[in-house]
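Take a look at the structure set out below.
Order of writing sets the labels: A, B, C and D. Residues in every chain begin at 1.
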Amino acid sequence: MFFKINQGKFKEWLLALKNQGEVYIPTKENNLWVYALLERQEWPAYFLNTRIPVKNLFFPNRQALLSWKYEPGSMGMNSFVPEGKKRLIVGLRPCDSRSLQLLKPVFAGEYADIFYLKNLDRTILIGLACSQICPGSFCREMQVDPQDSADNDIFLRATPEGFVAKVITERGKGLLAQGFFAEAGENDWAAAAQEMPGRDALFDLEIVKANLNSFFAQEEFWQKVSAKCLNCGICTYLCPTCHCFDICDLRTPEKGVRFRCYDSCAFPNFTKMAVHNPRAEKWRRYRQRVSHKFNFFFQNFQAIACVGCGRCVNFCPVNLDLREILTAIH
Amino acid sequence: MEEKNIYQPHLMEIIKIIVETGDTKTFHIQFLDEKLRENFHYLAGQFGEYSVFGEGEATFCISSSPTRRGHLEFSVKKVGRVTQALHQLNEGDLIGFRGPYGNFFPLEKFKGKNLLFIGGGIGLAPLRSLINNVVDTRADYRDITILYGARTPQDLCFKYDLEAWSKDPSLQLVTTVDVGDKDWKGKVGLVPIILEELQPSPQNAVAITCGPPIMIRYTLRALDKLGFAPDQVWTTLEMKMKCGLGKCGRCNIGPLYVCQDGPVFSLDEIQKFISDEF
Amino acid sequence: MTENAQKGKTWEPRVLAFLCRWCSYAGADLTGSSRLNYPANVRILRVPCSGRVDPLFILKALRSGLDGVLVSGCHPGDCHYTAGNYHARRKFIILSRLLEYVGLDPRRVQFSWVSAAEGDKFAQVVREVVADVKELGPNELFRIPEFAPE
Amino acid sequence: MANQVIENLSDLISLLTELFRNGRLTSFLGYQKGTVKFKSSPLIASRAEDLAALNLDDFLHYNLTFYLKEIKGKVGLLVKGCDSRSLISLIKEGQVQKEDLYIIGIPCPGQIDVKKIAFSMGCDPEDLEDITRSEEDGVIVRFRQQVQRLTKEQALLDKCLACFYPQPLLYDVLLQGDYLPPVPPKLRGEDETARKSAAEKWAYWSAQFARCLRCYACRNICPACFCPRCVVEENMPEWISPVPTLGDNFVFHLMRLMHVAGTCTSCGECERVCPVEIPLMKLNEKMAADLKELFAFEPGVDLEKPLPFRTYRQEDPNEFIK
């Protein structure tokens, strides 16, 4: 089902969405793009993708899990109940919306993490087709289509006049039935597709997947490709699908809060135990990151934990390019 | 959607603290919630996440036997932040507990077999849960041999258990230390060497081992020499864990998460691991 | 609004004082034995020398919610270890200026030289520091939102 | 053969090849072509054959000296003027021995500040299509079918515009080329944050620090952050919690600054790598200005003068102490 809307009406629609819940749109703050609560800012005329991936709104770097308080003779403990307020995020790129779905099986399952799942449940995702290929990105190699996405409730394609919307879910449909949109057809949708600049595929994902097991034992290969690595957490913290975390307490003498915060497999302390660290060497940690995304995650969840957004490539302080490593494995 | 916070621990009271060695203590803990005391079930080999509020959580196996109900026991060697905080607690203090997590020793498979337990130092803790479980259901198993070693006689943990086992005519207990003293009557020597001296038969036997990594490595070699096949040898692995739920991403060995797929593995399984990162 | 203020109590600042054991700690002792009064808001931590006070200690104190910090040592030239206080002085001025640069009032972190004979000076310094911190109000700069009182 | 001048890149490669062959070098740190626009990539060569990738383009932002924390042995490396100051700092700190190094000074016409260009064009760095140096010291930028000429003030990093030492202060050989002329000793444009009220300063800096993700890229890329175990990783006692609260972020950044005081040469790598654009250079420059004003110390310019916190003068400022 397709609808269309012009620029002016779109802005009115965004404001009207605020009646439905909190609306987040891409906003440039402090020189970097983030999803910010819609207040007075304008819909951006142009943006590539946010610096901080959208996972941050679902799996924040600082999530309070529970609090406690010592009372005379006993102790009170409170669970932080995840918020139930409805949210709408407008302008998600296909890579980021895919990442939200990829993370779902990690947090679901026998031990369901309500913090993530409730955030996903309370958020309506309104995606937006890309107009340009981001630097460092390899989304098409990762089978993410920059022009279409089924991981949203509504997916938009920009046209010179406004947007064409494709309705994907029922709750998405509910949002369009508000008088702002006009009906459109398949042909409008097709016409709104933008030609993305072509480039030869760097690698074939299937071959990479097949080769990773045999590459795992090649110590020298991993030593060589990880030589530049700084052991910083940029690639994991900016990655839309990295989800490793740490649990830490903050306290005063009488009360405290237990938090979950990001942790990174690039840090030597990540796996360090009292006497032994199974991933003490840099190459092991780098191998873990690549293998986890492209091999282990696939074995556990039948999907690759990478959407090719290119943040880790573009923001790596030493230009350690994941694409080169995948190409080499290919 | 079910509104259960999987990270929220149950409150438990420390009802007894036993000083095992200079740096190891055993804690007996009991759920504050009386219903949980009744309903809480686990199996030998499983572990829990214990929290000292304000210091954090740490992972230890449950060292008491599931057959002995009423309270849980766990043993802690003072090595880091949480363990140090635990050592400073007193009887009557509250701690948090989440669990039980992980897999367990496949007792069904062990039935009707000769069991050989090989433990070193604090590594006796997970074995102890299993040994006491087996002792309480003694009729299901054939010969039981326990080989336990520590650095010095002072470093032997669970001396009360060792005493009870030594008095039990249906068990064979061998204790050894690296360095003895004038009162020491047991053996002197490293566990793998004593193991080779004992010459246990691999016939219809299962060996279960836990201890420091270096001991495990040489014990596995000794068992191999004695003719134990990889699927006859079981161990429990130790990895750093935070969540215990297969989410936080640090305890993996290849695609396996020790907190969910382990910590109990047979040597057969371990040999098939893609990775040596444990 | 702090919790205390909400409960209707008057707020009293908490000030941590790092005192060098050779001079200022003895000075504080003299204050007491001379029966001089000084505000009870100050918590004293004895250190071997003002040079022992790592800027990290000061930052950590502020981070932990203390409202003010005082570091006190021997007068220049009197250091038991010859030059500990000279070295400390260099670190302190840099730290003090940095704190000011990021918008922390420098009166929250103060320094003094108090000798073992200056019981009255110690009382005076503490009175001044506590008065300054009182004026500045509670240190809520690093308040953690999740810690908000229920 | 000290202070010899090398004419061009191929001469440099043959010199290095020779050094590898005769065992004078075990590793070499240089630059190679990057995989994303406006970036080169560090080259870590451990054999003469690896040198083929050596390439010098217009984007040599990396201060390669930070790799000396990890790569030991007989290391050859390329340094710009500012990098040579880090090297001097590291030698003073006893982290490297000058005899182990083979230092090749490279010409620096000032490094291009892509963020600044994008900011002045009202776009993101990712949107810029092409940046080339122009004849008259500036750059030519292509951006959404427009072509713009920018002066060097508009195009170069602020640190380069205020650079007193475009020529390396320490080197074994020097590569010939264009050097940015040293600026007359005027400080860079006054820091407007310093003049704000305390409340405004706090509002500004708390907003900056609140963003910090604690990825530790600033620390890991910093040549002066060479501690094998950092205070943030210490947990008995725990000084700084891993949870990114404002307070912990604040303590982390100020503490790091205090630890590198006197060694930090304001090379700006921390600010360049920060994924959330925290203006760390402001803090570094504030520290450098204070050290200069109070102790007449300038980091990384001479090998003899003791580090500011390792020495003292009786007449150091005292009036701030009661």
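Operating definition for what follows: a residue touches a chain if its C-beta (ideal position, glycine included) is under 8 Å from a C-beta of that chain, and two chains touch if they have at least 3 such contacts.
Just so it is clear, the model here is predicted, and its values are computed rather than measured.
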Far-end chain from chain C, centres as C-alpha averages: B
Chain pair with more C-beta contacts, A-C versus A-D: A-D
Whole-Å separation of chain centres (CA-atom averages), chain A against chain D: 31
Between chain C and chain A, distance of the C-alpha-averaged centres to the nearest whole Å: 46
Inter-centroid spacing, chain D versus chain B (mean Cα positions, whole Å): 51
Geometric centre distance via CA averages, chain B-chain A, whole Å: 39
Junction residues of chain D - those touching two or more other chains: 245
Contacts with 2+ other chains: residues of chain C: 144
Touching two or more other chains - residue numbers and ranges from chain B: 80
Topology of the chain contact graph, where touching chains are joined (line, ring, star, complete, other): other
Pairs of chains found to touch, sorted by chain label: A-B, A-C, A-D, B-D, C-D
Interface residues, chain B side, partner chain D - complex: 80-81, 84
Residue ranges of chain C touching chain A (in the complex, touch as defined): 65, 144, 146-147, 150
Partner chain A, residues of chain B touching it in the complex: 1-9, 11, 51, 53-57, 79-80, 83, 94, 96, 212-213, 238-240, 242-243, 245-255, 274-275, 277-278
Touch list for chain C against partner chain D, complex: 55-56, 59-60, 62-63, 76-77, 83, 86-87, 89-106, 110-113, 125, 128, 141-144
Chain A residues within the chain D interface of the complex: 30-33, 46-48, 51-52, 61-62, 134-136, 227-228, 230-234, 236-238, 246, 248, 250, 259, 261-264, 267, 269, 313-315, 317-319, 321, 323-324
